[in-house]
C-alpha cells in the first residue's frame, strides 16, 4: 500500500495533532489548557513540515562520514523544511512564552484561569 | 382687585425688568368726548337712519330678558321696524338692559355701555330698572339705572309683555327722530357725576374710568 | 386703457352696489316670508349703511385695523372690475383686459387676507378664531372650485372670461352647466362655501364668537365692510353666471340670472343647519372633490 | 454543547481543507531543485558540513536574524510585563528543594552549560547549532533555579550578553554588505577546510553569538517567570 | 544612496543597543530610538524621492551573496518605497506622539516599537514567502507587546486574544507555506508565481491558505473580534499603528501574494472585502466607544481596500490610483483620529463635546472625518469618484451599489460622532490639555491630507481644471478669523462681489440666473451679518465654502467638477447648519440625506459614463443605456437638496435651528442648488420613462404632494422658523412640478418661482430672524402684537406673505398664473389640482405667521422690544424694492427668463405686449393690475380716512369681550394650535409617516447591527472559531467542494 508510507503516516499524524490541538484550544475553558492546545497545534504543523521534506530512504542532511559528499544529493533528505521548522519552533516558543506570561499576569490581576472571566471587552 | 390687574414686573428678553401696570398699559384711559350734532339737515337725515336701523344689544341678566326673544318670532317680528340684534357692543346702537341689576352686573353694564359708539340709546326694561321693583331693598341691587347711565326709554312692568317692548322701541324711534336721543353726549357731559354714582356702589373699582 | 374706462367702472360699481344692496334686502325678505314673517324692508341695508356712517365716534386698534376694510372693499371692487359684467358691452367690460380668470380667482383672496389681518389687529380672540375657521373653510372649497375651473378652461381652451361667455352664447343648451355638468356641479357646491351661508356660516357664528372677524369693527369701518358685503357676493354671482350660465348680454338678464343663482345658496341655507369647520372641510374634500375629479377625467 | 457540535463541524471542515491541501502530496523520491542545489553546491559555497546549518545561517540568514529578534522581542515583552515594581517589600513563599536535586544540580549545571557551548560551536559540523545550544544553556539555568529558587539572576548580565551578541550579529551582517557580496555574506572569513571546526566561514562566529543570545534570552524569560512565582 | 538593508540593520542595532541604556537616562534612549526611526524614514523617503524624480529602477537586494531562490532577497521598487514611506512616517510621528508613554514605560517598549517597524518594513520588501512569515510574526509579536503598554487588565486580555488569534493565523499561513514549498519547490515568490499553482491539485488550496491567512491579518469581518478588542483597549497610538501602518504593510503583502493565486483570488478578495466593508460599518453604527468605533471604521476601510483590490480586473490601470487614494486617506485620517482620541481622552463619543474648547482641534477632526467619508478636496474623494466611474463602466452595478451603501453607513456613525463633538450636550466633559508632541503629528497628517488631495486632483485628468481660487479665499478667511466681524463681513461681501463681477461676462442662460441667485443672494444675506458683534469665529470660512460650492456648480463643465462643487457646498452648509442651537440631530440628518443624495448622484454620473470618454456634463445628453435609471438616480439625488417629500425630514429642523442670517442662506439659496441640478439634468436628458411610465409625471406628482404636505405642515407649526422651513419644502414642490412639466411655461414658472422664492424667503427669514433676535424665542404663540414695536419688519413680512400666497398684485401671482397656463398646456390636471390646493393652504400658514407674531396681543415682556437692527432691515428693503419692481413690471423678470428657456422649449411661449403677457389661454397685465388695485385702494383709503380721521386710539384690552375684559395677553392671544379644526379634519394627512418610516429604517438597521455584533462575545475561543470557520466557509465558496475527498 502506497498510502502507508512513512511520510504519509507522519503527515496524517501531523494533521491529526493540528486538529486535536485546535479542538483543545476551542473547547477547553482553562487558559493553560488552551495554551497547551495551541502548543499541540503548533507541533502538528512542525510534524507536517518535516514530513513534507522527507525523501524516501534519505538520511539527515549532514555531510559527515555517513554521507558521501559527492552523492549527497541522493542520500539526504531535504534540508530546507528542516531549516524552516527550526525557525518555526523558535517562533512558536516565543509566542508560547508570551501567552504564558500574559496568562500569568491575567491570573495575578483576577485570580482566575477561566477564559469566560475575561470577556469584558466585547461588541 | 383681580390678581392679574395688579402691578407686576416681568423680565424682558434682554433680561431687563419691566414694570407692568395692567390698568394703565392695557386700557385706554381717555375721557369720553361730547360730539356736536352735525348740520341740522344732515342730522335730521342721520336721525331718520338711526331710528330705522336699531341694532340691539340685549343685556339679559334679569328675568326680563326672556321677553325679548319673542320679538324675533313671526308673531311680533321686530325686524320689520328695522330692529336687529347684534352680538357685539361695538356695532349695536341700542342697549336693552333687562331687569334688575346687581352691583356686580352693573359693572358689566357700565362697561358694555361705554364700549358702544356714539350715538347710543338705552332702553331699561322692567320695574327693577326704574325703582328696584321687588328688589328695592336688596343689599346687592341698584334701584335706579338712570343714576348710572342716561336712559332713553323705560318700559315699566313686571314683566313687560313683548308688546310693551315694541311700544318702547316705537317710543325710542320717536325720541331719536326728534333729535332727543343724545344720551351719549349727556353721559360725557355729566361724566363725573355718573362715575361718582357708579363708584359709590361698585366698591372694588378695578377698571379705568372709561371703558373704550 | 383710457380714462373713460374709469368712468365706466364707476358706473358699474354704482349699479352693482345698488343691486347688491337690494338683493340683500330682498333675499332677507324672502327668507322672512318663508319663515312666515313680514321681514325687513327691502331697503333696510341702505338704512343700516347710512346709520353706520352716521355714527359719531370711532375707535381704532391700529393701522392694520384701519386698513382692513379698505383691503376688503378693494378686493370686492377689484373682483368686480376684473370681470366683464355685461357680455359684449364696451362700457361694462370694465378692466377685464388686465387679466383673465386666474386673476379673478386669486383676487378674491386679496380682500380675505386684508380682512383677516384687520381682524387680527383688533386683538380680539374671537376675531382670530373666526379667521381661523374662515381660512380653513376657504382652503377646502377652493379645491373643487379649482378643478371645475380647470375643466372649464380646458373645455373652452381659454382662460379669458369673455371668450368663455362668448362660447356659451346661443341658447341655454350651450351653457356650461349643460355642456359640462360635473364641473358645474363641483363649482356650484364650492359656491355654497364661497357665499358663506348656512350650512357653512360657522365663520361668523353670531353669538358664539360674537360675529367672527368683524367683531371689533364699528361705525364707518363697518360701513365699508357693509358696502363690500353688497358688492362682493354680487361680483361672485356674476362670475358664476359668466362661467356656468352663459353670462348676460344686458342688465335685466344679469339681474335675473344672478338672482336665480343666488337662490341656490339661499335654499340650501334655509334647509340645512350649520356645519362645524372640521365637518365642512371634510365634506368639501369628499363629495365635491370627487365630482371635480370626475369633471377633470371627463375632459 | 451546541457550541461544541458547532466546533466539531467546523473542525471537520478544516480537516477536509487540510486534506485537500495535501491531496497532491505523494512523497518525494528525490530532492527538488532548490534542495539539490543546497546539497550539491552547499559544501562549496558555504563550507558547512551540516546542510541545515548552511541553510539556516547563510542562505536564509535573514530568517535567523528574524528568529533571534522574535526571541528578543518575547524576552523584552516578558520582562516588561513581569517587571517587579516593588522589589523591596516583596515576599515570596518558595518551596524548599531536596538534597538530591541540590547536589545533582551542582554537578550537572556546569556540564549542561558546557554542553550547550559545545553544541553551538559545532553547529556547522554536527546536529545542533545556536538555538539548540542556547536552549541547552537555558535548561541549565532552569535546573539551577529549581535547586535554588531564591537565587537572584543577574538581569543586567543577561541584557548585556543579549545586547552585545545581537549587536555583533547585526554588525557582521552589515560587514557583509560593505566588504562582501551582501548582508550576512558568509565568505567574509575564509571557508577553511571542510569538516573542521574552523571552517564554514562566519557560521561558527554567528552561531556563537546566536547561541549566547538565545541562551540569554531564554534565561531571561525563565528568570522572569520564575521571579513571579508564588508571589504573595 | 543608503541601501534598504540598513533599515534592518539600524533598527536591529538600535533595538539591541537600547539594552545598554536600561538604567541610563530614558530621554536619551528615546532620542536614540527617534534617531533610528528618523533614519529609517529618511532611507525610505530618499528612495521614494529617487523613484519620483530620477527614474530609479527597481532594485533587488540579495542577502548572503546568493541569488534567489537560493537565498532571501528583498526588493525596492516604487511601490515599496511609497509604502515604506507611509509606514515609517506613521512610525516616526507615532513615536513622537507616544513620547511620554514610551518614556514612562522604559526602554523595552522602545525596543519593541522599533522592531515593530522593522518587521513591517521587511514585510513590505521581502520577496521570500517564509521570510515574510517570520517578519510578519515579528510585527505581530511586537504589536502584542505594545498592546499591553498600559498593563491594564483589559489591555492584557486583549493582548492575549490578539496573540492567540494571530498565532492561529500564522500557523495556517505556515501550513500554506510548507505546502506551497512542496508544490512549487521554491520559496521565492517570483518562482511560485511562475509555477502556476492554481492549476495543481492541492496547490490551489495551499495558495488559498496563504491568501486567506494574509487576508485574516487584515481583520476581515466577522473574523475580527480580537482586533476590535485591541483597538478598544490599547493606547490610541497603538491603534494608529495597527490601523495605519500595519494594515498598509499587509495590504501591500496581499498585492504581492495575489499574482500567485491568479484570477480566482481577486474574486474571493472582492467578496471578503465587500462583506467586511458592509458588515463592519454596519456594526459601527451601534458603537459609542471612541476607539472601538474607530476600529470598526478602520476595518471597514480596509474592507473597501480589499474590495478595490478584488476588483482589480475591472478597474484596470486605475486600481492603483483608487486604492492608493483610499489607503492614504484612511491611513492619515485614521491615524489623526486615533491620535486626537488620545488627546481628548474620552472613552465615549459623547464626551467628545470637550473638543469644542479648542476650535482648531475641531477643524482637525473635521478634516479627518471628511477625508474618511470621501469628501473633497481629499484623495479619497477622487478615488471614490474614479472607483464608481470604472465600476459603472464595467457594468458592476451591484458592486457599485454595495460600496455606496457601505460608505453611507460609515458616514452615519462618523457624522454622528462629529455631531456630538460639535454640538453634543454633556455636563461633565473630560478635561484635556494639548501637548506639543501630540498635536504636531496630527497637524502634519491633516496638512498631508490636503497636500495629497491637491496632488490627486492634478492627477485626475478631468479635475485638472478645478477652480481653487474660492478655496484659497476660504483659507484666507480662516487665517484672519481673529478679526472682528465687520471687517470679515466686508471682506466676504467684497470677495463675492468681485468674483461675481469677474465671472459675470462669461455667464449665460440658467447659469446667469442661478449665479445671481447664489451670489447676489449671498451678498444680501451677508449684509445682515453686520448685526453681529464680536468675532463670530469660524463663520466666514464656512459661509464662503458653501458659496464656493454653489459657484462651482455654476462653473462646472464636467461631471467631476459638478460633483466636487456639490460636495463642497454640502460641507459648508453642514457646518452652517450645525452652528445653530440644538442642531445636532438636524445637522446629522441633513448630512445623511446629503451624503445619500450625493452617492445617488455619483452612481448616476457613473452610469452615465458608461461608454463615454469625455467627462463633460453633456454626456448626459447621450447616455448609453440605463437612461431612466440614471435619470432617476440623479433626480432623487438632487431632490434631497430640494427636500421633496420623503426626503424632506432634515430640512425643517436644520433651517429652523440655524442662526438668523444662516436660515435665509440655507433656505432661500442652498435649496436652489437642487433646482439647478434638476435643470442641468433635465435639459440634457430630456424626456425619460420606464416603459410606458413617464418619470416626469411621477415627478409632477411628487412635486404636488410635496407642495401640499409642506404647506400643510407649515400651517401646523408653532415655531416660526420651522413654519418658514416647511414653507420652503412646499414651494420647492411647485418648482419641481413646474420643471416636470417640461414645457416653456412650466419652466418659466419653475425658474421664476425659484427667483421669487429666493427673494421672499430671504425677506421672511431675515425678518423673522430679526424678530427672534429681539424676543429670543421662536414659538409664535409667545409673541404677538409686535406690529407696534417692529413696524418695518411687519411691512416686510406682510409683503412677503402676499407674495407667497400669490395674491395679485404682487409678483407671486405671476408665478401662479404661469403655472395655471402651463398646466392647461400640458394637460396634467389632477396633479395641477393638488398644486393649487397647496397654494391655497399656503394662506393658512401665511396668515398664521403674521397674525401670531405681529397682530393680536402684545405680551408683557415685549413692551420694550426694539425694531430689528438696521443691517437686518436693509437687505429686506432692498429685496422689497426689487419685488415691487417685478410686480409692477413683470416682464422685467419673466421676459429674460423666457428668453433663456426659449432655445430649449419654444412652444407656448408668452407673448409680451408691453407689460401684457399673453399665453395660449389667457393674458395678464401686471402693471395695469397694479394701477387699478392701487387706485381703488387709495381712493377707498382716502375716503375712509376722511370719514374717520378722529378715531379714538385704544389699547389692546379695549375689546368687546362679552361685558368682561381680558386679564392677561397670554390668555387673550389666540395663537396656539391656531388651525385646530383644520387639524381635526385633515391632520391625519400630516401624521409623521415619513419620519416614522425613516426612523423605523434607522432603528431596524441599528437593531440588526446590535444583534450581529453579539457574535463578538469577548471570548478568545470564539474569535478563533470565527477564524477557522471563516477559512472553511471561504474555502467552500472558493472551491465549492470540487476537490472533495
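Note that the chains are named A, B, C, D and E in the order they appear, and that numbering of residues resets to 1 at the start of each chain.
In this text, a contact is a pair of C-beta atoms (placed from the backbone, for glycine too) under 8 Å apart; a residue touches a chain by one contact, two chains touch by 3 or more.
Computed from a predicted structure; not experimentally measured.
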| item | value |
| --- | --- |
| Chain labels contacting chain C and also chain D | E |
| From chain E, the most remote chain by mean C-alpha position | B |
| Identifier of the chain whose CA centre is least distant from the whole-structure CA centre | E |
| Relative to chain A, chain with the most remote C-alpha centre | B |
| Inter-chain centre distance, chain A versus chain B - centres from mean C-alpha coordinates, in Å | 112 |
| Chain centre separation (chain B, chain E; CA means) in Å | 70 |
| Centre-to-centre distance between chain E and chain C (centres being mean Cα positions), rounded to whole Å | 53 |
| Touching two or more other chains - residues of chain C | 57-59, 210, 215-216, 219 |
| Residues of chain B whose C-beta touches two or more other chains | 33, 88, 90, 212 |
| Per-residue multi-chain contacts in chain A, two or more chains | 18, 22, 26-27, 48, 52, 80, 87, 91, 94-95, 98, 102, 105 |
| Pairwise chain contacts, counting only pairs that touch as defined | A-D, A-E, B-C, B-E, C-E, D-E |
| List of chain B residues in touch with chain C within their complex | 33, 35, 45-46, 49-50, 52-53, 55, 73-74, 77, 79-80, 82, 84, 86-88, 90-91, 93, 117-119, 184, 212 |
| Residue ranges of chain E in contact with chain C within the complex | 785, 787-788, 791, 798, 801-802, 805-808, 813, 816-817, 820-821, 823-824, 827, 829-830, 832-833, 836-837, 840-841, 843-844, 846-847, 850-851, 855-857, 919-925, 928-929, 932-933, 936-937, 940-941, 944-945, 947-948, 950-954, 956-962, 966, 972-975, 978-982, 984-986 |
| Chain A residues touching chain D - in the complex, by the definition given at the top | 5, 7-8, 11, 15, 18-19, 22-23, 26-27, 48, 52-56, 60-64, 69, 72-74, 76, 78-80, 82-83, 86-87, 89-91, 93-95, 97-98, 100-102, 104-105, 108 |
| Residue ranges of chain C touching chain B (in the complex, touch as defined) | 32, 35-41, 44, 47-48, 50-51, 54-59, 206-207, 210-211, 214-219, 222 |
| Partner chain B, residues of chain E touching it in the complex | 774-777, 860-865, 952-958, 960, 963-969 |
